[in-house]
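Next, two complexes with chain A in common: one pairs it with chain B, the other with chain C.
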Partner chain A sequence: MLLKYLFAKNEDIPPGTATIFFGYSSIFWFVIGTGIGSFNAAKLAFPDFVTGTELFAFGHMRQVHVLAVILGWISMAFAMTMMYMTPALGNTKLWSEKLGLWTAMNWNIGLSLGLFLLWMGFTSGREYSDLIWPIDLVVIFGVLLPLGINVWMTIAHRRTQGIYITNWFFGACIFFVIVVFVVGQSAELFNLTGLTEGYLTFWFAHNVLGLWITPVAAAIAYYTIPKLTGNPLYSHRIGHLHFWAIIAFYSTPASHHLLAAPLPEWLKSFASVEGVLILIPAVAFVANILLTMKGRWSMFVENVEIKFSVTGVLLAIPLNMQGGFQQTRAINWYVHGTGWIVAHAHLALLGMSSFLEIAAVYFGLQQMLRRKLYSLALANFHYWFVIIGFCIYWISMTIAGLIQGAGKIYEVPYIDVVIAEHPYMIARWVGGTMVFTGNLVWLYNMYMTAVEGTVVPKGRYAHELAYER
Partner chain B sequence: MGWKFDNPLYTLADEEEVNRMIQLWEAEKPGGMWEGNNRLPYPITYLLALIILTAFLITMPIWGQRPTAELYAPMVELMDSPEVQNMATDEEKIAYLTKRAMEVLETSDDSRLPGLLERHPISWLDLQLIAPAIREIASSGGPYGLESYNVIGDQVVLANFEGNWREDGLRERVQPWWDKGFTIDVFYVTYFIIAMVIVCKRLPPYQRKPDMSKV
Partner chain C sequence: MLGLSMSITLFFPSWDFRSAESTWVGLDKSLSNGRVIGWSYEDPLVRGDGKPITVILNKDPKTGEEFDPAIRAYVYKPGTPFAAVVNHPDNLGPTVKSLSISKGKIDQAEKSAGAVFIISYADVNGEEWAYVENATATRGWTPSQVLNSTDESQHKYVGKGKTVYITEGCWWCHTLLPEHTQDWQVFGWPPYVGDMNGEMPTAFGSDRKAPDLLHVASRNSSREWMMLHFFNPRLVQPNSIMPRFDYLWGKTDANGNPIDFAKWRKEYDEYRKGLRAYPPEVPEYAPDTEIRALIDWILTSLK
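Showing the complex of A and B:
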């Protein structure tokens, strides 16, 4: 249906087409990503599960899961929100629906190819930067740059004098992520090795989290919470503090990922302090959003988008508390290289970030389709499966990480540590599978919304209408 | 872009500029939404100050340092004495030696040492294993003293920390409690605070709220 617009004139493409394309793509990739995650977790919980086939070995599957979630789910959900929030906040139309559609098309094809190659074993071998350089170039020039051009041009053609805070983040973060990709992947492009390669790998990994995955999710909350509650954003000035503190303190501490590496010690000291200071933008963001909720907390129970959004904001608190302190020398010595870090990464990506994006995808698809959600019950099922599944995952992996840390420090034989953490690996699989199940239900619910959802009259919002069934 | 400097902690924007911004906020609803002009609540302001202080205190390299050979030197000196040798169990020996070493370290100029020994106790068997290496380093008169060697398990190795160049062309191996990374941070955070104060004080003062009923 959507593909017929790829060769149509821009004026003939209905507004919201690119949003819908990106929205459904993101949910699809979320299902794929969490499905592979569940499969991988099963391999860790039950070592005899699917053995004997090289392609299904953990080493082949792990990075497919990671990249499907980051570039498929999270980044496409970001693109989806940019396609509808950026023009809405400028009281204008998207600069080019056609460019948006082609970006979504390139994205799906490029990512499918990249993940297939990863699965086949074509990898740069660097965590988070696993894609081989030709695919990196597709991501930079076929995906991120066109997305950026569309967002920047939409902001430039806005009909408001001011620029709302969400658009500051959108415009800036696309610029940042392009720079992060270009510089971060240069290790492979220019065959840099050794410490330089190690540093660039984690410079990329740190900044893709800090200048893309978490701030864009926060930017989304600046839209969804005031929009759905009808309250004004608590404070424009705290928004400034959040935005500039992200740039100042999140872009600088990459070397805190490499405290045990032979980098200059002063650089680690600098990075460690900056790592704690990431709490400044986090506190500003959480305070601004929770104070915006004033008088509307009943919506946390009644409204599924607010439920997801506020949960995401609340998860930002443990995320940044963990993040700030686990990178200090004293604590990192214990938790580095353990499941604690895996738990923390999932708190960032599946916890804080994904919950905010899920809310925005729910809201945006209903708005663009002009259809009310097919089933609130299924949406609530989705929420509870994802939050309970996530908590099981997070808590079990945190405990497993502490066990591994103790094993590492006290030189416990490796096999004893493996045995000790086995129950937590099973819990991890249960939690991950619950998230996957919830997402399958979500995909069904959104498909049914497109097909059978109650039509929303012009000038109304989907969440303002009562359910008909 | 009118500036005024008579009361910089109240606002840095003149009345005309403040009015212009308030009117803009009242006239525009980006995406149908409003923005408030509230200040950061006082408790959160204090929390931010606490975060900055904590960031420096918790990251100093006094925390999480590896034990140096210097910590165990007083133990090695006493371990062959008849007093220690006559003790019945290994536990008694090491408890006695730790107590005596602690007394020595507490009189040292380096105030970190007692805390480091407290966090890095050693067993009698490990002490026996590292003792020859500690004696050799202490007596060799080499370019690095015991303070430059780390004890890792039963090994005594030159610390992998590389600090400033020394006059003899070698590098410092003792991690200082303060290095230039922290100095850079002090300046960086200071510049950030100054920049943020300017940014926020260029906005209308928080006492001036846009009247959204005009929209």
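Showing the complex of A and C:
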């Protein structure tokens, strides 16, 4: 239905079309990504579950899960929020709805193709950069660059004087992620080998998180929390501190992922120090948002979007405390490469980041569809399934990681570690499956919102209306 | 700000990387892997095409002189793209590069004619250095000579085997990077600076759900064990969570008979339920299978 606008004149496309396309695509990919995640977890708990076929082997599915959630869910949810927040904050329209639609279209096609090839085994063998380089080029030129142009032009055509912090982040982070992609994939394009390749792989992995996934998620919270509570942002200046500190400190610690590799020692030490300094932007962000909530904490209970957003912000606290310190040499040797890190990664992507995006997707879709959310009960079901599922996952993997760490230093035969981890692998699968179930319900709820949600009258916000279910 | 962080994290380290001198391990990996592993123009279907063959050579193919111990010859048939260290000798590090060009004549290798490389040693200021020798230029060995003068079992499909490691995603569970802690005793020494020159991808792995494999062949060099373990890890390790890789056997066994996987799985299930005293026999793999290449890589490279 939306696709009919692909060849329409830009003026004829109703505002919000690109947002809606991106929004539903992102939820769809979230369901796919968490579904594959749950499947993979089942394989780690029960190795003979779906066995003997190459395509359903663990090694063929694992990277599909990771990239489906990063490039499909999280990044598309980012694009979705950019499509509606950037114009709203500039008091203007999106520069080109049509370009937005085409970006969404390219994105879905390119990602489907990339993930399909990956699933078949067409891989570069580099973690997080697994997509083969022709697909990387599609991502850069077909997806990120058009997205950037749309956002930058919308900001340039704004009808406000200053630029709100959210748009600072949006504009800058798209630029960064393009640079990060180009540099990270250059290893494949120019056949850079050896340590250079290993380092660039983790340079990419680190910076795509540090300059894209975490800051854009934070930027979203800078919009949703003030918007929904009606409170102004506590401090724009702290927001700026956050912004500049991210660029200074988050862009440099890549080599703390490779402390065991023979990289230059000065680089590792530098990375570890910078890694601790990430606490500066982190604390600035969390404090700023929580102080913005002042006087409106009842909304944490009453309002679904705030519930998701604030949960995401609260999860940023353990996230950054772990992140800042686990990468120092003193701690890293114990937890490196264990389930602890897997837990931490899910705390970042499924905990902090996803919760902020879920809130923004709920809010933005209602706003752009001009329809009230179909069911509060289902939304609460979604919330509780995702948070409980996530906590089960997080806690069980953290414990598994500590067991592996202990196994490392006490020189336990590896198989005993595998046996000791088994219960936690089952718990991980249960948790992941709960997240998946919650997301299925979300997809249904959003579909029903589009077809049956109460129409929001002109001049009102969806969250001002009462729920009917 | 971003420029500053870029120079610190990219430009400055590049000096360190460029000055890294390749070790024997680095030369061996790069020469046996070929240009790159993973999807590439020479290997668009990621089946391990366009890779060299590592030959365990116990006598000179030309003179018949015995080598004791046997040496490794990296055979690039005509058209096979050369390893990154041959294509771009800067990857070797300054000293190894100058040795490999002046003594090893690697700059005379021709892709269209193919070439045979070996690793030789030279003395520089009282220190022994490994360098790449283009044996086609220095000793007149041709790829077909080396292949024909040796037995099939001496041909190791190392590059193809590493391709299997990459496409089958072994590196999502295993690492190739022992750490500085217990790993010294259990998984062996961590890699040195020059151990990766020319390797692509390094596939260190970040999430260790299984033993580190960098030196696995030093702990266990049994081809038989590897075969059983890959067909079904629970045959030799009942508590393993490693997936079965029986599909790497392809359709037929070593004698050309079709492998009946359904029957095997049924009998294995019976064995697990206690209805059979022994598990079914694991079929012998055919020489051109992926499993052969994978085990070749493990037993040759991961020492």
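Here is the rule we use: the second predicted complex is superposed on the first by the 467 of 469 C-alpha atoms of A that agree within 3 Å, B and C clash if a C-alpha of one lies under 4 Å from a C-alpha of the other, contacts with A are read in each partner's own complex, and residues count from 1 in each chain.
Convention: contacts are C-beta pairs under 8 Å (C-beta built on N, C-alpha and C of every residue); 3 or more make two chains touch, one makes a residue touch a chain.
Fair warning: this is a prediction, and the values are worked out from it, not measured in the lab.
The superposed arrangement places chain B and chain C next to each other on chain A without a clash. Once the two complexes are laid over each other on the shared chain, residue contacts for A:G459 go to neither chain B nor chain C. Residue contacts after overlaying the shared chain place A:A248 against chain B and chain C alike.
When the shared chain is aligned, chain B comes close enough to touch A:A284, but chain C does not. In the superposed three-chain arrangement, the CA centre of chain A forms the vertex of an angle with the CA centres of chain B and chain C, and that angle is 70 degrees when rounded to a multiple of 10.
In the superposition on chain A, A:F270 makes contact with both chain B and chain C. Of the two partner chains, chain B is the only one that A:T328 touches; chain C does not reach it. For chain A, the partner touching the most residues, choosing from chain B and chain C, is C.
Using the contact criterion defined above for the overlaid structures, shared-chain residue A:P226 touches chain B, although it does not reach chain C.
Between chain B and chain C in the chain A overlay, the least Cα distance found is 5 Å.
Residue overlap on chain A between the chain B contacts of one complex and the chain C contacts of the other covers 244, 248, 252, 262, 264, 267, 270-271, 333, 411. Listed in rising order, the residues of chain A touching chain C in the complex are 43-45, 47-48, 51-54, 57-60, 62-63, 121-127, 132, 176, 179, 183, 187, 191-199, 201-203, 244, 247-248, 251-252, 254-255, 257-258, 260-264, 267, 270-271, 333-334, 336-339, 341-342, 404, 408-411, 414-415, 418-419, 422, 425.
Put simply, chain A touches chain B in their complex at residues 85, 88-91, 160-165, 223, 226-227, 232-241, 244-245, 248-249, 252, 262, 264-277, 279-280, 283-284, 287, 291, 324-325, 328-333, 411. Every residue of chain C that touches chain A in the complex is listed here, in rising order: 1-2, 5-6, 8-10, 12-14, 16-17, 20, 26, 30, 35-39, 46, 84, 87-88, 91, 166-173, 175, 177-183, 185-186, 190-193, 195-211, 233-234, 237, 239-247, 261, 265. Every residue of chain B that touches chain A in the complex is listed here, in rising order: 24-25, 28, 30-41, 44, 47-48, 51-52, 54-56, 58-61, 63-65, 153, 160-163, 175, 179-182, 184-185, 188-189, 192, 195-196, 199-200, 203, 206, 212.
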